[in-house]
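The chains carry the letters A, B, C, D, E and F, assigned in the order they are written, with residues numbered from 1 in each.
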Amino acid sequence: MSGVAVRNVPRPEEAVVARLSGFGVATIHEAMGRSGLMKPYMRPVWAGARACGCALTVLAHPGDNWMLHVAAELMRPGDIVVVAMSADNADGLFGELLATSYKARGAVGLVIEAGCRDTAELREMGFPVWSRAVSARGTVKASVGSVNIPVVCAGAAVQPGDVIIADDDGVVVVPRLGAAEVASAAQAREQKEAATRKRLAAGELGLDIYNMREALAKAGLKYQDGPAED
Amino acid sequence: MSGVAVRNVPRPEEAVVARLSGFGVATIHEAMGRSGLMKPYMRPVWAGARACGCALTVLAHPGDNWMLHVAAELMRPGDIVVVAMSADNADGLFGELLATSYKARGAVGLVIEAGCRDTAELREMGFPVWSRAVSARGTVKASVGSVNIPVVCAGAAVQPGDVIIADDDGVVVVPRLGAAEVASAAQAREQKEAATRKRLAAGELGLDIYNMREALAKAGLKYQDGPAED
Amino acid sequence: MSGVAVRNVPRPEEAVVARLSGFGVATIHEAMGRSGLMKPYMRPVWAGARACGCALTVLAHPGDNWMLHVAAELMRPGDIVVVAMSADNADGLFGELLATSYKARGAVGLVIEAGCRDTAELREMGFPVWSRAVSARGTVKASVGSVNIPVVCAGAAVQPGDVIIADDDGVVVVPRLGAAEVASAAQAREQKEAATRKRLAAGELGLDIYNMREALAKAGLKYQDGPAED
Amino acid sequence: MSGVAVRNVPRPEEAVVARLSGFGVATIHEAMGRSGLMKPYMRPVWAGARACGCALTVLAHPGDNWMLHVAAELMRPGDIVVVAMSADNADGLFGELLATSYKARGAVGLVIEAGCRDTAELREMGFPVWSRAVSARGTVKASVGSVNIPVVCAGAAVQPGDVIIADDDGVVVVPRLGAAEVASAAQAREQKEAATRKRLAAGELGLDIYNMREALAKAGLKYQDGPAED
Amino acid sequence: MSGVAVRNVPRPEEAVVARLSGFGVATIHEAMGRSGLMKPYMRPVWAGARACGCALTVLAHPGDNWMLHVAAELMRPGDIVVVAMSADNADGLFGELLATSYKARGAVGLVIEAGCRDTAELREMGFPVWSRAVSARGTVKASVGSVNIPVVCAGAAVQPGDVIIADDDGVVVVPRLGAAEVASAAQAREQKEAATRKRLAAGELGLDIYNMREALAKAGLKYQDGPAED
Amino acid sequence: MSGVAVRNVPRPEEAVVARLSGFGVATIHEAMGRSGLMKPYMRPVWAGARACGCALTVLAHPGDNWMLHVAAELMRPGDIVVVAMSADNADGLFGELLATSYKARGAVGLVIEAGCRDTAELREMGFPVWSRAVSARGTVKASVGSVNIPVVCAGAAVQPGDVIIADDDGVVVVPRLGAAEVASAAQAREQKEAATRKRLAAGELGLDIYNMREALAKAGLKYQDGPAED
């Protein structure tokens, strides 16, 4: 199970990452044609966490966080570490010591398909983490994995250098090439939604705003009156 | 899969809903003879959420929130929307745009056996939602379901017009007919509990307050001393 | 299914419990050679909860909290009640009434492999609870279980009188005999970590601090350069 | 938690049950407009099991099979017992002793949202059971539930007297009133499928048989050629 | 995470194991006062598997089957290997190569709270295995665990030398001391059940055989007639 | 959510597929350095199923099997269809009608991260399917997905044209380029295992065959004698 650690990977332009950081996960997912989301079991370990950065990928083994140390050296400011696992595991591969190291080296967050611990300390440090579990379970440093290779994390394919946006709603992956188009689409979507929001807030119906009545009738929806009062 | 949207359904008297709104979910569930609860996987998307209203029911299909727009038109102030699914699904069928619409039309909350997104915005708006998942996954508007028909949501049968009470402890369904009796029983229970609470706070034992000692002995409980110190 | 209630069990020295109360769950678990943890589905019902006490064990049956009343009498100040179940169950066996009783009798917390209710009230009371579910589901008092016998709770073997430490990261069980050694090992670990933290915060790498480079090379890790920019 | 046992409930005509018994679960579910299915976690405890009968409903409590004995007396030949639970539970509420009783009294099967044991013996007896778990866990007879009241079992609402069809694909509920129409629709569906099957077996495409090409194009499907060989 | 391998452990008398081997898991669990069962997710990897033997315990780490080789040396004919895990894991720690070794050394089966692979070959060899998952995922040999120490496997505490009985219904643990009494109780239970079975097969009701009618009435069960035919 | 259907994709040489078809999933996974496996929840719908073929990939939406018809046209003899889902879903997207079509057009099997129905008929037809659930739940044809694009199925990245091997142990994905090397490695592994199997069957220990004793001692394993007989 020997692995590789890839030193330099193409990263997106900072300006594109900055633009994407202004949108929420749901908006970006929609702007991508409803794709790119990780599974909903990936949750922030503290409420209100938000991060946007460039994916530094890690493939680790159950109960083993050795590769997370290898990743620390290859990190660049603005990176968000994405840890995929070779098999389902909920052990606490990440805690405040590693967070201290990652923060010192410029990482802006961590997404891990395993467990995380020291959640209270992470909140205090303001270091955002998304994980599938909170677990104090400690780990060994025995099996070599890989850094900066393509991985599958929580059902999403991630290439090193993709843009990761994460918030209370989950985690979305934006392919590096095409990230600029996604940012534009997200902006367009947000503007359109602002207009719709105003109309909905005024009590107008989505049925009318989106012209749904005819399609509903065609699809067979029948309106009828309910039972008389009993 | 054509469906129906029922316009007028019998609703409970406002006074009864108001009375029920004063009790917690656990109290009402007990007052109903320990029935009416949804399964515990239905959780508030923001802590501290509380709602009590009249059920406007929706049957929707996986990944499709079309019927939630149909529901907006049939809504009356004080309604709480209860969304059942034709199959297990965790997609984000509800977010802040629909919440804006629902709030504008008088809904007091949403209970959905699927996913919810924009949770941070919902908390800011003060719009309470109970769901089985948080997910940014977007939806289509392609398959017709129904509104205001009897549904099964999270293991509980719900009729349109039933009273729904939801808080940090979960969601309970009170049948419309009989809601007044439940309110009275809840009140009686709360008074009794207040007295018990005082005695327990003073250090008295439940064993004595509830007269359990004889029943325990009869059921075979044996007291014995532990091992000597080692 | 008759059971036993054991009155007196050996308890650890107060001073040892006090020492252990100064460490987090992750630290103590590591200090024990990475053992003693309950499964990660045991979560605090309110964020920020912390407890350290002496285990008063209970074996209860699904949907039945009778034994939790028996436990109240056998409780001593500083105890933490650990409830194991004879079969998987998520019903709300514990709520604010029992918490009022337990608090009055000196218990410092509860760990239960079932459900808990009245979570908002528990937070207000400051009574810490770890459970596998939040559920308003009420219970009966019909089947006799046991108090202060060895149990298995959330995958961990617990003897009455063991020390239980619980926080946001989970729950760990320290065998009574040997608790002093664990406290010492935890202290040593914390001192060592403080030094490491300082170096990591200064940007030094774990690879260097822990001398990992040679072992990684031996284990087959290959460094390579990534693709040229596209 | 006192309950009721209802003696006589309207049952469907035998001829209708006989007609429905000729179709599989998937066919009947489709013939009902894709409704009536229990959740897919309800599985036969032995492969090849099949049953069709009239629902005798039971509401039982976790770890308690008392009501299954009450049901035995109210049973009529051709009944299939449907056991709903007041809370999630996987204990083995049913085994070969009860199966011996049920068989002697004419029941044709059991559907239970809990556990089942003695699976080898049940297969030998030819008594078909659908359950959510196999578990040897024994039960008490302490809490009263109900027999022949409306229940929710595995997400489906069941009235006493509804027709239940179960096979390797799962369990479907046909409302008593309307069962004849469902049988006719199932027959029509089966005939249509036989014709389609022949065409598909001959290599014809569903795209052509169902005229899907235009709708696919309209919905935006684009055909394109793949990459040249590498 | 260094561990110990204990060479000689007290084993039960062969005659007692032989007597227990004549009973099913459900019978033995009942004979023990409804205790000793592992959780129902432990399933035989091939239907019809049955085993009864003396527990040789193993504590292993996620994705690591090193200790299973250590166990092979300490094995005695008639042993059944019980593998507990330091953390939840579904990897395939056991397959036909290890089964070949175990069989050659006299083991009569394996119970593992992780995954198993080569299930087709195991069935052909007639080597019975109970596991929580089937998985082809391979393992490393990197972390030391322990052999023949007390473990918790699938929720049950197991001491080396306890008797393990496993069949289609699950796995039960009989403490070594007291195994003879359990065998006697199982025999008594089986004889009593044989008599009951005959009466039930003749159509007699459990209500009468077990004298339940009075208790049911006392507990509040009300009989009533159903609705007139519609 | 418009999609693409890619007509021609590079496929591996038939000879390589034929070679790989001779090995089991576990062997191939090991020969690939323990990679390429789908998650263990992907199970054959009938025991003894085996398939090896060239991946024709499909991305479908919850409750919608439209794309499975599109796939039928693009299929070539020897293909195995791999269906990924845009969101978690257990509906029965595949049954015997589609299987009839697929068989007629030369497909050798199906791997689907959703549900499957008509399992009895599939077994009779000898058409092998791996799925995450068995469900009779029917589907619509409303949302366009894609065919022959890269997908993530059950945690594994799959490119159209990759080789898929599936048996009772699960499903493994072999990248098209490099498939020949994997076949050779699998053959080498099998030969080596044959020799080891002979030695193990003769009672030799893995400890000796694999030279583990020194490494175990170095890693800290201590042997000790157990307690004297009690």
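One rule holds for everything that comes next: a residue touches a chain if its C-beta (ideal position, glycine included) is under 8 Å from a C-beta of that chain, and two chains touch if they have at least 3 such contacts.
As the structure is a computational prediction, the values presented were derived from the model and not from experiment.
The chains in contact with subunit A and with subunit F alike are B, E. Matched by residue number, over half of the contacts between the chains of D-F recur in the interface of E-F, chosen from E-F, C-E or A-F. With B-D and B-C as the two chain pairs, more C-beta contacts join B-C.
Measuring from the averaged C-alpha position of subunit D to that of subunit E gives a distance of 30 Å.
A straight line joining the Cα centres of subunit A and subunit D is 40 Å long. Computed from the mean C-alpha positions, the centre of subunit A lies at a distance of 30 Å from the centre of subunit C.
Among all residues of subunit D, those that touch two or more other chains are 1-2, 34, 86, 88, 90, 135, 137, 142-143.
Shown here, the protein chains touch in an arrangement that is not a line, ring, star or fully connected set. Pairs of chains in mutual contact: A-B, A-C, A-E, A-F, B-C, B-D, B-F, C-D, C-E, D-E, D-F, E-F.
Put simply, subunit A touches subunit B in their complex at residues 24-26, 29-30, 34, 37, 40, 43, 48, 167-170, 172, 193, 196-197, 200-203, 205-207, 210, 212, 215-216, 219-227, 229-230. Those residues of subunit B whose C-beta lies close enough to touch subunit A in the complex are 1-10, 66, 69-70, 72-73, 90, 92, 95-98, 100-101, 103-105, 115, 117-120, 133-138, 141-144, 148, 160, 177. In the complex of the two chains, the subunit D residues touching subunit C come out as 1, 61-63, 86-91, 135, 137, 140, 142-143. The residues of subunit D lying in touch with subunit B in their complex are 1-2, 33-35, 39, 86, 88, 150, 152, 155-157.
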